[in-house]
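In the two complexes below, chain A is the common chain; its partner is chain B in one and chain C in the other.
Our next item is the complex of A and B:
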């Protein structure tokens, strides 16, 4: 299990492209206040303007600067994506590892819950909750994290079980190491490549879900989001504004997801060594 | 048998979770539970008799666990509640929209599965070649486009700009046409949404087939088959291709379960009158019974599809039944 994930990704073309795209999105999101020039929420009387020197991508139906919205939208996507990625992963590690190490009835109960969660479609659960509680960004992040951990937990449990049998762990046990120490000192480092892959999956799913839900009009109206932009722009599709309003938002969202897909494809070779040697592809 | 029993327990847990969520959420809301269960629309129609009837039906004056019992029994009688927005039983409202969704998702599911399989087999067979690399890069990029964005682009290009296809709906309203021209009208309306769904979901089947194909090609039985002097065609399709189908069939089964929500976003883009559109409208008008009903329908179809895959799988791959 000692695989250099960074090398694996760096040596594959799609992996490189993915990293470049992701870095680009992160830079734009971080630099949003500098390159944006306008407050993305600030409404004005200048509505539905065409692109110009002042407004690179024009303005929307309430006079907000679309270019600024695009940049701040990246912030929302990345914030939700990475938060859900991390929170979901932590839950996966907690339940997956403890399941494998404790075993017995605890293991069986957790795995049953995992199986049950995996088959429930996430979209409709979030819609149901959103119908009753208008979800803030924080609630959305928690909801998505709680709904996405089971997949990762199963993978982590399987890997922990196989690691548990390996020589260095038994050696460590005979020296009197406790399971907590072993989990932290030996199992976690060996799981790193898989954790990274699971993390990227989680981020990708969350970015997708956030945009989709915002597209449905679910979510905080004060938060700038690519999904909301597309939702609003679609209502004006009879005008030409979709060219600089709808398309940039959609392309930005798609590019972000493509970047993540490319990275995860390169990293998948870690989970399935039979796919190795893909470096040329 | 043991596997099926194990899975049935899992499905039972999933179903119970969904029913419980459906039950608890409206009752957790502050204020009158009747509003939360029935939506604002019901309050307008509310008379003392109706109120008394509803309280009794949901056993709202009883302890929580008795309420849950009443709710559970109602579901098994097929009583999903009453929508005051549509002034009709929820089950009837949903069943009225379901055929359109089944049409959209069904056709795109068949199309994307077949196309994904074919492309995946070709790509995996010629791994590393130019064809393979182009397909892989192209479809992986396609995978990043959310179905609603693909739908919008198709709508704007082929609907708005070129005017080839109608912009919204499933039928031309009040046209009074029948027979062949009606079929053509339906086909014309579903062309773009189906194309959007197919394009957006093509990649997952393709990637899965390609990955399995690569693994299968390295299996010892492939070497044996080659050594027997079988033709390339037989090797590619009957030996490698057939074995690469298994994961895709599982995936299609899982997607079949999501048939109810599968076209949610795309229906919205094309204003297609399916369950997705219904859900969206219900969300806007706070028509809680309908949302709850859709949620329950989704749950049931997911569980049924999973059961079907479990039963079908050992028939396709006998190795599965030995595994337990």
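Our next item is the complex of A and C:
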């Protein structure tokens, strides 16, 4: 298995599109202060304006610039997405790998916890918990991370178990290497492609969850978010404002998720030779 | 600590020759250093050793013909030869103690006929008159097989074999009680050699003989007992067949391994290094592969056990690994079933059996990749419980498939450095130097562009060499090689096996060589263990297992082994 993941993703069409979209979103999010022109939370008397030279997408019901909100919303989405992606993945690696390597009772306990997490519908738990504690952004990230690691942990555990039996890891053990060394030096590099797929999947799910919670009105109302924008816009759907208020936010969210989906799809195709067929030919 | 030994049947009889603490030196150079030997009437003792170990000096000292300074005591029939006056000695020399010299051209007087020369000592010692002496000489020369037409020839007219016969006749002239033979057969061709050997063996049942030779074949043919001499000391003594089949001193084993003969099936191996003197401590320690501290400081004493003696601080060749009653079950499958096995330092044990017989499971259980279901493993005499880094510094394994056992994301250099890194040996630069050295040792290029290659750029043979280098970089004592050539073609296989043998010679590695190929096993192993359904069904010296298999399965293995010619019996040799 000698896969150059970056190369494979670059060479697949959906992968390319996904990367372009993601880069676009990232650039817009980073450049928000420059091209946004207005502070997204700065309220003004000019409410519900139509798009104009001053406000490209008009203003909302409290006079905030929608274009700026859209840009800063990308920041929130990406921040939550990538943070949860990384945190969740770290938890997945920690629990998945340790239970594969330690085994025994520890393994069984961890796996039962994983089973429990997977059986319980996560979305409902998140909604319930979030509705109850009204989390700040940081708390939301932690909450999503804690709730999303079990799936990844199971995949990583399975892969680690099979790697554990492989020749070069047996060899490393016969040099006297401990499991920590082996995990760091051999298993992690070997798992890299899977970890990447898990990561992107985690990011996508977190972006979606954050927007979903905000859309439902759960969460910090002071945070600029595509979900909050849609939540607010929907209340004024009897006016024409949905065209420059609801639609851009929805499109931005959809595009981001589609971009991530494309990337993870390309990466997955790389990992599973059965899905590679056409791409290689 | 010197104990009374009883080696002949009737122990009451005092030995004819008793040598005690014999030391001979030329100037500052000590040639013999504390030799103790007993020789009884009717017994043949062979002194073997490489040239330069002092064998000839020993014979010459008994004859009092050496020019060196001699100390200690040589008692012949109760009299200390070293204390005798020259006159008294002359009466014993050639009369009661005679010596056949190594045939070099200047021993015989070139101007006298051989008959005269053989008759001379008889006359000189005044035992018979001249005519009787000639008669006796004629008889002797006939006995040693010199044709009667050659009696009046001068030495230079005789062939080497004939000269040797004359020398023998001269020595036998006065029917000595002790005959010393210095390389009696070395200069002869094989046919003459065996004829003369028969002659020597049968000439007189009461005579004591001391055969000095470097030739194991001569020693084996003539002697009842062997004494192995190294660096002026006796390192091992015992019954001839006993020693030749089961040598206990590392030097004796090395000597046997180096000797071409028809019964050893393993490839010839040399002895690392060369003899150097003077040496403090055990004289063999610079070339020995199981040296411990004390070997460098103190010379070992001969210690006796059941008619064998070995001079070694470690009590002879040590058992490096022993496995007792070891079992490994996978569910109801008994993959390894009550196996007993031992591996000695510096030897190769081949574990032979078909796939599924439990060979690899046994190996993995030894190295700790499987936990044994039952039984014990001892390494260097100590029971192996948890395997720490120390254990893996001494025991290493080469796996069947190098493509799998080498991580594809590490370069050759990184791969070979990994064990050092795991063990935390040296700093980065030292590790690199060490790795490069070992890469050279396994005959791989040490060039920068090679050591930066990745495994998938290498051939199967190169990959296996990298795996071997990686296993050797920690300087292990025991190497477990699990079908190391299973994925290689024959020419590469041969090279890898040769490499393992050379490494064994230079490093004194013990090797557990696992294979399904008994034909390859016999070329590289000292002993073979045959495994079937998780049990060892036969175990013994390779030559015996291959030529006289006891178990039906071993016979079947031999019958089906690769052979390039068809034999009637199906079994080679």
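The rule is short, and it goes like this: the second predicted complex is superposed on the first by the 275 of 281 C-alpha atoms of A that agree within 3 Å, B and C clash if a C-alpha of one lies under 4 Å from a C-alpha of the other, contacts with A are read in each partner's own complex, and residues count from 1 in each chain.
Here, a residue touches a chain if its C-beta (ideal position, glycine included) is under 8 Å from a C-beta of that chain, and two chains touch if they have at least 3 such contacts.
Small disclaimer: the values here were computed from a predicted structure and weren't measured.
S.K.: Should the pairing of chain B and chain C on chain A count as a clash or a fit in the superposition?
M.R.: They fit side by side.
S.K.: Using the superposition on chain A described above, determine whether A:139 touches chain B (first), chain C (second), both, or neither.
M.R.: In the superposition, A:139 contacts neither chain B nor chain C.
S.K.: Taking the superposition as given, does A:123 touch the first partner, chain B, the second, chain C, both, or neither?
M.R.: Touch partner of A:123: chain B, not chain C.
S.K.: Go through the superposed model and pick first if A:211 touches only chain B, second if only chain C, both, or neither.
M.R.: A:211 contacts chain B only, not chain C.
S.K.: Applying the document's definition of touch, where does A:258 land relative to chain B and chain C: first, second, both, or neither?
M.R.: First partner only, chain B.
S.K.: Students often get this wrong, so check: with C-alpha centres, what angle lies at chain A between chain B and chain C, to the nearest 10 degrees?
M.R.: Between the chain B and chain C centres, as viewed from chain A, the angle is 110 degrees.
S.K.: Any idea whether chain B or chain C touches more of chain A?
M.R.: After superposing on chain A, more of chain A is contacted by B.
S.K.: With both complexes superposed on chain A, which partner does A:46 reach: first (chain B), second (chain C), both or neither?
M.R.: It touches nothing on chain B or chain C.
S.K.: Per the contact definition in the header, classify A:158: touching chain B only (first), chain C only (second), both, or neither.
M.R.: Touch partners of A:158: none, neither chain B nor chain C.
S.K.: Just the number, please: smallest Cα separation between chain B and chain C in the overlaid arrangement, in Å.
M.R.: Comparing every C-alpha of chain B with every C-alpha of chain C, the smallest gap is 16 Å.
S.K.: Quick one: in the complex, what on chain B touches chain A?
M.R.: 7, 9-11, 13-14, 17-18, 21-22, 25-26, 28-29, 36, 127-128, 132-133, 136-137, 140-141, 143-146, 148-149, 152-153, 155-156, 160, 207, 211, 214-215, 218, 254, 257-258, 261, 264-265, 268-269, 279-280, 282-284, 286, 288, 291-292, 294-295, 298-299, 302-303, 306
S.K.: Provide the residue numbers of chain A that touch chain B in the complex, in ascending order.
M.R.: Contact set of chain A toward chain B: 14, 112-113, 115-117, 119-121, 123-125, 127-132, 208, 211-212, 215-218, 230, 234, 237-238, 242, 246-247, 250, 253-262, 265, 272, 274-275, 280-281.
S.K.: For the complex, give me every residue of chain A touching chain C.
M.R.: The contact residues of chain A facing chain C are 1-2, 166-168, 170-177, 181, 185-186, 189-190.
S.K.: Which chain C residues qualify as touching chain A in the complex?
M.R.: Residues in contact with chain A: 364, 367-369, 387-389, 391-393, 395-397, 399, 401, 403-409, 418-419, 422-423, 456, 467, 470, 474.
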